[in-house]
Amino acid sequence: MACGLSLIFGVLRIINFAHGAVMMLGMYATYWLFTLGGIDPYVSIVLVGPLFFLVGMLIQRVVIEPNRFAAEHNQLLLTLGLALFLENLALVLWQGDFRTVRPRYANASFVLGEALVEVPRLVACGGAVVMALALFAFLRRTDVGKAIRALAEEPEGALLMGIDVRRIRAVAFGIGSGCVAVAGALVTPFFYVAPDVGESFNIMAFVVVVLGGMGNFVGALLGGFIVGLAESLGATLLPGSLKQLVVFALFVLVLLFRPAGLFGGGRGR
Amino acid sequence: MDAVTKRFGGLTAVSRFSLTVGAGEIVGLIGPNGAGKTTVFHLLSGFHPPTEGAIRFKGASIVGAKPHAICRRGLARTFQIVQPFVNLTTLENVMVGAFNRTDEVAAARARAVEVLDFVGLGARRDAPARELTLPDRKRLEMARGLATRPELLLLDEVMSGLNPTEIEEIIGLIRRIHAQGVSLLIIEHVMRAIMALSQRIVVLHHGEKIAEGRPEAVARDARVIEAYLGEDA
Amino acid sequence: MVAEVLGGVALGVLLIAPPFLPPYFLEILISVLLFAYLGSAWNILGGYAGQFSFGHAAYFGIGAYTSTLLFLRLGVSPWLGMVAGGCLAAAFGLGAGYLSFRYGLRGPYFSLVTLAFAEMLRVVAVNTKAVGSSLGLVIPSREAAPWSFIFGGKLPYYYVILAMALGAVWITRRLERSKLGYSLRAIRENEDAAEAAGVDALGMKLRAMALSSFLTALGGTFYAQYFAYIDPTITFGPAVSIQGLLQAIVGGAGTVLGPLVGSFVLTPISELSRAAIRGRAGVDVMVYGLVLILVISFLPNGLMGWVRRRRA
C-alpha cells in the first residue's frame, strides 16, 4: 500500500488522499467477485490488480492531469475531494454494513513456537513483500520502470529525453492504484469490508510512507514493518485503541525531525 | 563577514571569505557562475547559518539571527529570481516591507506610496503584482526592500534579463538610492554596470576571494581574467 | 454600491425572517451559519496565512468537551466554559503550531501533522472513561436555562450563531486591514520573501493559529449546546475538519465573505441531494467531494475569489 503511495508521490509529487478509497474499492471488488462469482480472494487478485490499474489511469487522466499545474495544497484538496466522493459513492451504493469475505481457510492458523500465526495474515504479509519486490524489479529492469524512475528524479530531463511524460504519469498512478487494490484483496480474508475502511488504512499508509521516505520504495516496505511493529508494541503497552497513538506519535516525530524519512532518499520539507 | 565558511554536506560553497562594507559604500561582488555569490547573500541575510566564521552588522554579531530580525536591524536584500507577492497589489507588496518600521496601516501605506514614487512605480500602484513586467518587478523588489528603511541593501543581479535602456534606468535608480544614504552590496554579471557603480569590487571564485580593489585594478587582475576565461573555455 | 445594498438586504432578511420560517428551514439556516462560522475560523489560518489545516476538529472538540465537562461536572455555565474551551484550544493550537512551524513544516506536511493531532485527540477521547469514551456526553434537560446556554426553542440558538457568524466575518475584515493581515498574506504568497522583508513568519503564523483555534473552539461549544450530545467521532473526527475547510475553499479562501458564501451554497446543495436520494446515507458528502473536485479544477480561488478577480 505504501509502496504504491510512494510511487505516486515520487512521480506525481502529490500526496494521494484517495489511496485508501481505492483500496476500499478493491476490497469491494474482491467481495463481489467472491460473493457473486465464488472466486477466491487470492485468485481474484489477477482480475482486481489490472482492473484498478486501469481505473487508476482513468482517474489520473480525468481528474489529476488537468490540474497538474495547480498549487500543491490545491492538488491535495483534489485528492481529498476524490476520496470523499469515492468513499461516499460506496456508502450510497452498498450501504454501510460490514461485509466479510470468508473463504474456507479464513480461520486457518498454526503454532510457531510461542506465537499463533494466522494463515491469511501471513499470506497478506508475504503477498505484500512479493509485490514490493516485483515492483522493485519492474522499476529496475523494464523500460517503463526506468522511465518512471527518470521522471521521478528529473522531470525536465525526462521530458527532453523524449519520454511520454503524460503516459508515464498515468501509468504510475495506475500502478499505485493497482497495488493498493491488490492489497485490499489480500486483506479481505481477515478484515471487514465497509466504505470507511479506506480511512484507517489511509492514515497508516501515510505514516509508513513518511517514515520510509517519500518516494523511497524500499523504505516504504521497511517502514511498513516498523509501523506494524510499533502498533503491536503499542497494543501490548496501552489498552484499547490507544495503540494508534504510538503510531501517530511516531508519525509526528518523524515529520518534525526527519521529514525525509528514517531512511532518507525522500523529499524533505 | 570574517573568515566565513559555508559547507553544504560535502560541498564547500564559501571558504574563509572576508568582506567588509563600510557605511555609505557601494561594493560590487562578482565572479563566474557558481562562485558562491548568492550563498554569501544567504549568509548575510540569515537564510543560511555559516559553518564557520563571524558575521557582524553595525558592530553586533548576526550569526544565528532570523532573516526578519536582520531585516529589522537594517539589512535588506533582493532575490536573484524576483519574488513578488503575486496575489497582492504593487502597493500592498511594498506595504509589507514598510510594516517593518511601523504598526499602523496608514503609516505603512504612506511610506509605501513614497517609495513607489521614488522607484518610478507610482502609476502602477494598484495593479496586481502578477501583471507587472520584468523590469517593473525588479523595481518592486527593490522598493519592498527600501520600504524597510535599510542601512545596507543587498542587490542580487537586478539587471539580469533587462535590455540596455532598462539597465541604464536601474543604474540611475541605484545611484539615487545611494544618494539617500543607503550602503549597497551588489552582485552583478553586467560588467559595465558594476564597474560604473562600485567604489570597490570583490571577486569570488569557487567560494574564495581571489581579488579585491578598485574596479579598474580588478579588471586588469590576471587571476580575475583567468577565472572568467577559464570558465568559458 | 450594489454590493453594499445587497449585503444590507441579506442582513435584514437574516435578522427579521427567522421567526416566520418553518422549523425545517430554521434548522438549515443554523447549520449554514455554523459551518460558515467554522469556515471563517479556518479561513484565518488557511485562507489568509496559507497554512491548510486538516485537523481543525481538534479545536472544535476541545471547545465542545471543555465547556460540556465544566458544565456537567462543575456546573459552570457554558457561556464561561466556552471561553475556557477557547483558551485551552488556543493553547493547544499554539503548541501544535509552534512544533510544526518551528520545524519548518509547510504545505501538505503541515496538513498531515494537523490531521495526526486531531486523530490523536480522538483516540484519547475514545479511550478515556472520564470524558465518556465512545458513548460521548449528553447535556440533559431541555428546560430553558438561558444563563446555562440552554434554550427552549431553536430561535435563540439561531440568533446566537448568527451573532457568532457575523462576528467572525467582522473579525476577518478587521484582520484583512491590519498589519497582521498583510503579514499573513505575504507569508502565504512567499514565506521566504516575507521573512526577507522583515515579517516574523513564525510569530505571525502562531498568532493566526491562536485566533483560528480559539474561534473554532467556540463553535464546538455551540454545537454541544445546540445538539446536546457530543462524542469523539463527531467532535474530533475528520468530518468537522473537512466541513470547515470546504466552506472556505468553495466560497473563496482568503476572502472575508468566502466562508459565508460557501456555506450558503454548499449546505442547500447537501440538503437537496439528501432529499433527492432518500434513505441513502452519504449522498451529501459524495456531492461535497464532487463539488470540491470541480471547484479546484475550475474555480481554484473559490466563488468570492473569482468575483474578486473579475472586479480587478
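Chains here go by letter, A, B and C, matching the order in which they are written, and residues are numbered from 1 within each.
Operating definition for what follows: a contact is a pair of C-beta atoms (placed from the backbone, for glycine too) under 8 Å apart; a residue touches a chain by one contact, two chains touch by 3 or more.
This one's a predicted model, so the numbers in the text were calculated from it and none came from an experiment.
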Closest chain to global C-alpha mean, per-chain Cα centroids: C
Taking each chain's C-alpha mean as its centre, the one farthest from chain C: B
Separation of mean Cα positions, chain C and chain B [Å, integer]: 43
CA centroid of chain A to CA centroid of chain C, Å: 31
For chain A paired with chain B, centre-to-centre distance based on mean C-alpha positions, whole Å: 47
For chain C, residues contacting two or more additional chains: none
Residue ranges of chain B touching chain C (in the complex, touch as defined): 45, 47, 66-69, 71-72, 76-77, 79, 83-88, 92, 95-97, 99-100, 103-105, 108, 128, 144-145, 147-148
Chain C to chain B touching residues, read off their complex: 177-179, 182-183, 185-186, 189-190, 192-202, 312
Chain A partner contacts - residues on chain C that touch it in the complex: 50, 52, 54, 99-100, 103-109, 111-113, 115-117, 119-120, 123-124, 126-127, 238, 242, 245, 249, 277, 280-283, 285-286, 288-293, 296-297, 300
List of chain A residues in touch with chain C within their complex: 15, 63, 66-67, 70-74, 76-78, 80-89, 91-92, 95-96, 195, 199, 203, 206, 210, 239-242, 244-245, 248-249, 251-252, 255-257, 259, 269
